[in-house]
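Pasting the structures in now, so scroll down.
One chain, chain A, appears in both complexes that follow, with chain B as partner in the first and chain C in the second.
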Partner chain A sequence: MRSPLIPIISFIVGAIILAGYFFPGSGLAAIRTPMLDWAVTLSGVAGLIAIINLVFGVHWRRLRDSSKDYLFSGLVIFAFLATFALGIFLGPTNPDYQKVVTAIQMPIEASLMAVLAITLAFSSLRLLQRQHNWMGLFFFISVIVYLLLNSGILSFMANIPSLQEVVSSISLVPIAGARGILIGVALGSLLTGIRIWLGSDRPYNG
Partner chain B sequence: MSADELLIGLVFVLITSTLVLLLTIRQKRSSTVPVFRRIAALSKFKRAVSLSVEEGTRIHVSLGNASLTQPASASAFVSLTALRRIGQLSSTGDNPPIATSGDSVLAILSQDILHQVARENHTLDLYDPTHGSLAGVTPLSYIAGALEQMHDPEVKTNVLIGNYGSEVGFLSSYSEEKGAYTLAASDSLPAQAVLYATTENPLIGEELFALPAYLHSTPAHSASLQVQDLLRGLVVLVILVGSILKILGAI
Partner chain C sequence: MNDANAKRCWYCQADLTRQDAPAENDSQDWLNNLRDNSPAPQGDDQPEEPANSSESPNEEVPAWLARIRTREQSERAASEDALSASSEELSSEIPDWLNEFNPDQEKEKPNEILPASASAQPENEDDDWLKKLESWQSEPTSSPEKTSTDVTVGSREKPAEKNPIEDEAVTPPDSALIKDSAPEWLQAFVQEPKSTPAAQQGNLSVQQPSTSAFLPAERTPKNEEDSLLRDSEPGQISPTAESIESSELDTALAPSQPGEENETWLSSYKKIHPDKDIKEQVIPAPVDQDQTKAPFNENSLMDWMKPIDPVTNPSQKEPVPQLEPAALPAWLQALSLKHNGKASAPSHSSSDFSDFGPLAGIEGTLPGEELNQFYKRPQTFSGLLKTTESQQVRSKLLKNIADQTHWEDENLEEKPHSHIWIFRLIVTVLMLAAVFIPLLFTQISSIAPSLYPDEVVQTFNTVNALSGGKPVLIAADFDGSLFGELNWSYQPLLAHLMERNIPIAFLSTNSEGTTLLNQSASTLIKQYPAYASSDKWMNLGYLAGGSIGLQGLAQNIQTTMPLNSALQSAWLSKPFDTVKRISDFGALIVITENADTGKYWIEQVKPSLGTTPMLVVISAQSAPLLQPYYASGQISGYLSGLNSAVAYEALTKTPQNATAHLSSFQITMVLAIMLVLIGGIVSLIFYHPQPGKKKRVNS
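Then we have the complex of A and B:
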């Protein structure tokens, strides 16, 4: 049987954080703020542990076992150690050290986003094959309609008052749909939080 | 936020919590399991898990980038619950599931869950801490790391649940191209749109949060889903009444 101690602690901490949020002027804020600070500090330590696990658990093992793509793992370990050593030596605010991000990471990520645009365009072409139903068809038509509307190709309609109103109304439909989905997501998030708070969902060992 | 808004929020949370508790207790006493509408993607997913166990292939669970200290953490908690259930469902197979995440706390929790599942099912000899790993710390580096795991020929089922941006299109497109079964859900709107266009079985909107109840229907999960449906109905009613009153000029 799992120990009830951790869910009890979790419930009390959750209640304090929640009460501190709903009664900001009360003394609870003085307890809530340090607790949240501890969570952020713990999260930072977890970051270090998870990165060490990735580098020395996953990639070092691949290098040692000479498994497939072990050279890439060697590159990851070298890049990590070099970045880490430079960060310690120069400090994370050093302009030269910042170039690791601005001159290496950002261009790589930007090019990945460019590739993503092509991947998505290609996938969209196969949308009707995949979603072979009326919802798929509706989604496809909507994509075309809103691409046309947002491209400005129909801007001449601004001069025709009645058409302008129709276009404005159509433009509001995605906002209404997005709000509908977000309300559902918000309710789901609330219920998930309550389940964890009450201890019926335990994303931890104990 | 004004004091009135905070009070409304507090009342809403308290009523919701009470409803969940009451319905959970009622279901535990009556031992009845409520019947929910069929979600095709989840029925297919259960079959895919069974098939994976039979064929000895592996399931990859992508937990997304949500940080547990941010508001988007709810989807991460759902993905962790799903990981636990997937671990239990596939415990009779030779290959336990692997999990990748874009947040360090999520990675540690996924290792913890996989370890717990292995202990419960007496399969600790199959447990490897690297089965739950941090694939990358930025959204795109995470995608690069997760793609590498999906590239493993043993991976035949991919579960993408969590907080992503449009970059999730890389994972879903690759999974579909590889012919792997893909179950995908996200709390983010751009990701939902991309998943709808790139996968056969996406979960849209609050279906993501129904996942724990569908995969493992405990009284608490079923009660939570019932309350979610009830609140959704209430919100729809309030919006409709509000719209009618607005049209009539009453507000």
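Then we have the complex of A and C:
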């Protein structure tokens, strides 16, 4: 049987935070603020532990067991230790140390995003071939229209009042869809939060 | 009667050839006497032998046995006279061979020996016993009750007047005398006087007190008949003879004295009736199991021989161990019809079921592996598959086994290489050409927007309305993937702020946002050297906790971010010393490529800003998700993508990178539109459904 202590603690803490949010004038702010500070500190420590587990728990085990691609695990461990050591000695604001991010990490991420762009462009060629139905056709048409609108080549249409209203109306459609998505996300987040607060869901293994 | 040339007696299988001449003569003599009632047999030795033999038996016979015999003789003598007349009549009817066994003839010829027995030669061992028997009958006794005209087979030789069997006393011996003199084991066979009256009455049923003690309680008197002692039918013999015969049998078989028990075995022989079938008389009838007499009389049994009666011997009663009912496994009980779904009592053996795991408590299951030993910390739910070391070892074993196995599809031809990579290469080249060619050829102009979006104009107006003394907080929550787009989008805004000489403090909720923002601002700092110092440009560093950190930032920014990246106090030096709360900033600008990050800032921090405006710089892909917040007034304005940056640059009249790369952007967008359009048209015209989908349609 699971221990009821952890759900009780989570319920009390959640109640204090919510009460302090809805009743700012009450004395609960004195309790809520330190608790939030503790949470920030714990999240930072949790991030550090996650990094240590990734390096020494996963990659070190692969290197020790000589599993598949263990050389890459060794490279990861070496890069981590080198970056950590340089950060300790040089400091995070050192312009040379910041080149680790600007010269290595940023180009890698940008390259992956560029590959994604090319892949999406190629996939758009086979759009109707994969989705040969009405929904695929509507999606095909919407892609064409909004690419044209966002490209700016139809900006001359703004000078024409009738077309301007049409273009403005068409621009409101994504806003309506986004509102529906945001409402659904908000309701789902609210329900999930209430379930966690009441102890119905225990992602923290309580 | 044996044949003259017979070598063995047909009845007792005695050897007839070993007899000496005088012995043969003697045997023949006594046989002849039995047949023809001849005078005294030849062989003077015979009377002497009985006398001689009597001497030795007399020496051997104990006194108590002698007394028993004397009594029997006296009783028989009294009945002999009465049976003599009837015997003569029977002798005329009975065949010659049967007359041999006539007891009257034996009386006249006491030396005659019965044919069933051995010869009467003294040297012959077979005749000795018979002669000895004759000698035992030394004193004639009268027995009116037990006299028989028929001589039983195997009866011993009697004296001239009497049949040895008949001479047996009927009266029960003195049991007290017998008990005193007899050994202990024989005392149990001593018959009580009460049991003998039934025998004296001529009852056909043989009652042997000695043997009745061993009989079971349920045996009836009728069932106690011995088959060998069955008397002839009443019709064959005269009633008187029959009664006498039966009485003789009863007395013979009822050893009133222990001494007579040795002679009763002789009396157990059946009388052969000439009228009946000889086979039936000789061959004993099958004994009925129910009528079989028990060899021992239960009453005379010693204590250790008596059966244990649980009713009479409660002290000896032992509880019968009851067997535990068999317990079937639960899975078998569910299948068994006999049990009707009833679960048997669970066994208490720990090896029958396990105490943990999903099969806990179910009998007949193998104990599983305790998984608790592998999990030493609280489990976290993630999308990754977590396996234990033992599971990994087993998976490796299974893989090795599978690799060794020959699969059916190994010989199948590989699928032909597709040429899709060519099309991908073509698309890539076109895209790169569309990006780089306008940059190389600056003569290619772009189509500038004629109208400015409202959100861009509001942003411009908001920045223009900022006071010069209040610092602005910038949240650089973006990573390197969309840094290129965001860099072109926030640079005109940043330049506008620097142009207005507004202090800027920036932080990030991820580890690289501040670094990227600092790098992108380095070019502008060159244009605005005042921002080279920390009093205009302060890096607050990394804000941990995600949305929780934003809540703390909104509550008390000085506590949440006390130090800058140089590990110096951030809120003591000017111009940031006037900031006590987050609402003391002139504006909050959030730069992010993720709509969720923007929502967190809006949801967590905006309520604490009060009248402080909030601006957002977001990528074009997430702009629609933030437009509702702009429409609701939660954010004052936002810049989305390159087009907004171009418009902002046009508003600030400072064309920068966004304007320079607009032509490349527009050509690439047109190329993308053309690719989608052409691909869609070709797909509509030349539609070839895939095989898998075709089957689904048909199904």
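The definition used in the following text is that the second predicted complex is superposed on the first by the 195 of 206 C-alpha atoms of A that agree within 3 Å, B and C clash if a C-alpha of one lies under 4 Å from a C-alpha of the other, contacts with A are read in each partner's own complex, and residues count from 1 in each chain.
Keep this in mind: a residue touches a chain if its C-beta (ideal position, glycine included) is under 8 Å from a C-beta of that chain, and two chains touch if they have at least 3 such contacts.
What you are looking at is a predicted structure, and each value in this text was computed from that prediction instead of being measured.
Q: Which holds for A:G47: it touches chain B only (first), chain C only (second), both, or neither?
A: Touch status of A:G47: both partners.
Q: Just checking: does A:A39 make contact with chain B only, chain C only, both, or neither of them? Give me first, second, both or neither.
A: Both partners, chain B and chain C.
Q: Contacts for A:I181 in the overlay, against chain B (first) and chain C (second): which applies, first, second, both or neither?
A: both
Q: Is A:G152 touching anything from chain B or chain C once the two structures are fitted on A? First, second, both or neither.
A: After superposing on A, A:G152 lies in contact with chain C but is clear of chain B.
Q: Would you sort A:L191 into first (chain B), second (chain C), both or neither based on which partner it touches?
A: Touch partner of A:L191: chain B, not chain C.
Q: Going by the contact rule set out at the top, does A:E109 touch chain B (first), chain C (second), both, or neither?
A: After superposing on A, A:E109 lies in contact with both chain B and chain C.
Q: By the touch definition at the top of the document, which applies to A:G57: first (chain B), second (chain C), both, or neither?
A: First partner only.
Q: Is A:P92 contacted by the first partner chain B, the second partner chain C, both or neither?
A: So A:P92 only meets chain C here.
Q: Could you say whether A:I144 touches chain B, chain C, both of them, or neither, answering first, second, both or neither?
A: So A:I144 only meets chain C here.
Q: Where on chain A do chain B and chain C both make contact?
A: 36, 39-40, 43, 47, 105, 108-109, 112-113, 122, 124, 127, 178, 181-182, 203-205
Q: What residues on chain C touch chain A, complex-wise?
A: 378-381, 423-424, 427-428, 431, 446-451, 479-484, 512, 515-516, 518-519, 539, 541, 544-546, 548-549, 551-552, 555-556, 559-560, 565-566, 599, 620, 624-625, 627-628, 631, 641, 643, 646, 662, 665-666, 669-670, 672-673, 675-680, 682-684, 687-689
Q: Would you pull the chain A residues touching chain B in the complex into a rising list?
A: Touching chain B: residues 18, 22-24, 36, 39-40, 42-43, 46-51, 53-54, 57-58, 61, 69, 105, 108-109, 112-113, 116, 119-120, 122-124, 127, 130-131, 139, 178, 180-185, 187-198, 200-201, 203-205 of chain A.
Q: Quick check on the complex: what are the chain A residues that touch chain C?
A: Going through chain A, the ones touching chain C are 29, 32-33, 36-37, 39-41, 43-44, 47, 92-93, 98, 101-102, 105-110, 112-113, 117-118, 121-122, 124-129, 132, 140, 143-144, 147-148, 150-153, 155-156, 158-159, 164, 174-175, 177-179, 181-182, 203-205.
Q: Contact residues on chain B for chain A in the complex?
A: Checking each residue of chain B against chain A gives 6-7, 9-10, 12-13, 16-17, 20-21, 24, 67-69, 71, 74-75, 77-78, 80-81, 104-105, 107-109, 111-113, 115-116, 129-130, 133-135, 137-138, 140-141, 143-144, 148, 166-167, 169-170, 173, 176, 187, 189, 192, 194, 196-200, 204-206, 208-210, 212, 218, 220-221, 224-225, 227-228, 231-232, 235.
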